[in-house]
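What follows is chain A paired twice: with chain B in the first complex and chain C in the second.
Let's look at the complex of A and B:
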């Protein structure tokens, strides 16, 4: 590495820290300032962000558009519900471990079939397979609770039992727990996409044939990316279940996969933070749209149309463009 | 010594025998030009040897090993690399990234997902060194999709070169480049591969380039090898003159100017 490269790297590190430190501080003090309802919305947003981050390893970095990520999110949520119902487990750490294992298995099975294909064929296959999982949850109601779903009580966090005031516990202890898992996931994903493996995925995304001819076994790499992506989204599902209090088929159905796609596109899939910003923005948008009108889906649909037409690179893409314009103007 | 030999290599697309029982030999250390009109089977032959296509019959022997049934991945690991006629790059990655990926792959590091790629200083030093030799050092941080066509052609070769192959196929390394730019590109490419002791097979249409830079020429016509010899032998070969030059629109031998080169 030459001197100018080292300087560029240090500058890049500072630029990242200039974003990360204020964002981390905001997230840390948020539950002390805003009311519990707001904090819960933010918690949902952070959870969705973990799922979208996993999803974007495939879309943004590997160039594969999955329409089946509800399978992993729902898989993670139902794993928690099953662990509660059949194993009488109440520890969040065990839930997370269980959901990692379960989503790894589901995504390895799905991935084995799906990564043989790309583009629309890949999308349709992931969609079809996720619907199989949904119909299982729907039909085997004596195991899964059918449309009623399965109840998930508030878990113990690092051995700490939930307090009597459930709302307060979720808006404080549980929020910080989610925030910690979120931070860990962001860190892990950041390392993965900047590792030689992450570079190889981007190479596959840009040019499959050439990637093969520099000695990258593309199917194997796609499968690994698929499994990592599934695990992240599964962890999000596991965190979501206790917050929602219920694992229900809503998060297994394909429209929920669509929401994951939506939030990622909203934030901008070409950037690392895009899915995080998109997931939090989407969660607030949906929460307020649902409260504001019964036609909330119409509202979200309109937002999506405007978004694709006006901001094809998403919120972060637009911010980046604006920032570079301002730099040039100076 | 024969580095690569094909024996009765055949590939058909429907009724068209693109490669028809071809016995093709590449000697260790030479710069060989593969020429012929469009549809003669040059690119198909390279696709077969590099593993992009599967042959219908025949054998491919590389360094005395039968690689006919090997995947392209195994052949790359064995030391066969190629560039592409239509530039094939990772357009949304920087030029340095494009070259570094070949180095990471060559060193078996691309499955590493727990360390930052930027920390592997040896790889980046080598990547910048390769870019410098190809005259692309100033484009290092630019996205591969944003540099000029001539630079992209060079980068395409650099990506293949960074794999440190024993045998390198260059499929029209100067196609789409202005006549003035062709010789500089070929000067850079041939000097680098010669210095690295890499055996090179160049597919090329420009006869001036072919006669100036190759040591041996293999002429293909309708899926078979029509002639094989030194540039002087090929220039005097009547069969080549009638099949290739007979159709030259100006009526002048296309090789004419090459004698002065």
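Let's look at the complex of A and C:
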């Protein structure tokens, strides 16, 4: 690398650090400052962010719109519930390992069928396959609890048993646990999208024919991206289950996939941090909309319609546009 | 023997309603290349409007035959809603990537779902008096509700009319031309914008009609739209998205499998349907009647 390249690289690193360090500090001190309810909402937001990050590897980086990511999120959540119910396991690390395995298997199976298609057909197929899991969870109620779902107690974290005050445990120990997993996931995803593999995915997204021409094996790359994406979303589901206390079919049904799409687009799927910002924003939006009115779907639907009409690049896109305008004005 | 005949009739009943929903969905996709996720909600709208209109008429004490005239109310309401939606919300999206169209219709789904709850409340609406007024007839020794035969008849008539409309009228020619090559059709003087709004309205009318004729036999409930949409997806995936013949074949297959599934394998009935859809896609990627390259 030549000197100017190295300088540009260092400048870019500094610019990223200037964002990451304050954000990390804020997230670290948050539970000490805000009340437990807020911390729990933030925890939900971080978990959704892991899921959206995984989802965006497909939408933003590979150009595939999945409407079936509820299968992986719900798959992760139900894996935890099954491990509790049938294997009497209580360790969060084992839950995470189990859900990685389960979502890898589910996404490999789904991916095998789905990556043969792109665009709308890919969307329909992922939706249809995810509904198979939903219908199974719904019908085999003696295994899955049906619409009631399965209870998931608070797990032990790194061998540390949950304290008696469940709320306090979730808002502190569990929050930091989720934050650590979140940081690890962000780091891994950053490495993945900046690796040669990530670049190849972007090449496929931008021009399939050219990517094939330079020797990229498109279907295999898409399948690998699909599986990685599924695993991230599965991990999110596994973290969600103990926090929610229940694995229920709500997170398997396809409209939940729609919510994952929604949050990613809300943040902006053209940027790396977009899905993270979108997931946290969406979680707050939904929490307050549900608390504010029974017609929260109407409210969120309107937000989505306005968003797609007026702000298709999402929150991050709007910020970028604003920033470049200010730079020009200067 | 009688039981078997009733199973066949039930399968046909189911296929008729599914054809109306999936046919509309497929027609819209075929012409406009838009997959309307809110399509099921227009079916639900048809059901709610008809049930509501019949309820009002019953309150006013009108004779029974008038109630039958009110059945199409739901279809008309869905058509009007469709025309408004196309004109205001979908038209800006024809030049944008289809991801945005999907998102827009997903937003519409959320809005329509709650609007129905807002207008008619959370309780089911029913119009059983229409269903009951026809009584039942005897089929090979078993009783069968006469109204179910009406639904089957409406499904068959709708299929025939649609076929005649698309293959035997001038409008049908324009519709098919637009569906095959939008730019060429436009260059030859077809007003594509008008075809779009007509196709979307027609598709929504069909969904609304499906809801309207089904509501006397089963109540209009919240969430019926989303459930119906998922089944309509299976139908169009099996038959081929954008093909009406495909929607008909898909609806018949799903109708028969579902009827068999309810008696033989109730737990995995839906899973079997999806499995069929997945196998069809692996063998014939564009569906049974789909065009290659979509």
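Everything below uses one rule, namely that the second predicted complex is superposed on the first by the 330 of 330 C-alpha atoms of A that agree within 3 Å, B and C clash if a C-alpha of one lies under 4 Å from a C-alpha of the other, contacts with A are read in each partner's own complex, and residues count from 1 in each chain.
FYI, a contact is a pair of C-beta atoms (placed from the backbone, for glycine too) under 8 Å apart; a residue touches a chain by one contact, two chains touch by 3 or more.
Here the structure is a predicted model, which is why all the values come from computation and not from measurement.
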Overlay on chain A: chain C relative to chain B, clash or fit: fit
Superposition-derived comparison: chain B or chain C, residues of chain A touched: C
Vertex chain A; arms to chain B and chain C (CA centroids, nearest 10 degrees): 80
Which superposed partner A:304 touches (first chain B, second chain C, both, neither): second
First (chain B), second (chain C), both or neither touched by A:123: second
First, second, both or neither for A:210, with chain B first and chain C second: first
Touching partner for A:173 - first (chain B), second (chain C), both, neither: neither
Closest Cα approach, chain C to chain B, once both complexes are overlaid on chain A (Å): 15
Residues on chain B engaged by chain A in the complex (per definition of touch): 50, 52, 72-73, 76-77, 81-82, 84, 88-93, 97, 100-102, 104-106, 109-118, 120-121, 124-125, 128, 141, 159-160, 163
Residues of chain C that touch chain A when the two form their complex: 29, 33, 35, 37, 89, 92, 96, 98-100, 102-104, 106-111, 113-115, 117-118, 226, 230, 233-234, 236-237, 241, 266-271, 274-275, 277-278, 281-282, 285, 294
Residues of chain A touching chain B in the complex: 1-2, 5, 8-9, 191-192, 194-200, 202-203, 205-207, 209-217, 221, 224, 228
Touching residues (chain side chain A, partner chain C) in the complex: 59, 65, 67, 113, 116-117, 119-121, 123-125, 127-129, 131-132, 135-136, 139-140, 254-255, 258, 261-262, 265, 294-298, 300-305, 307-309, 312
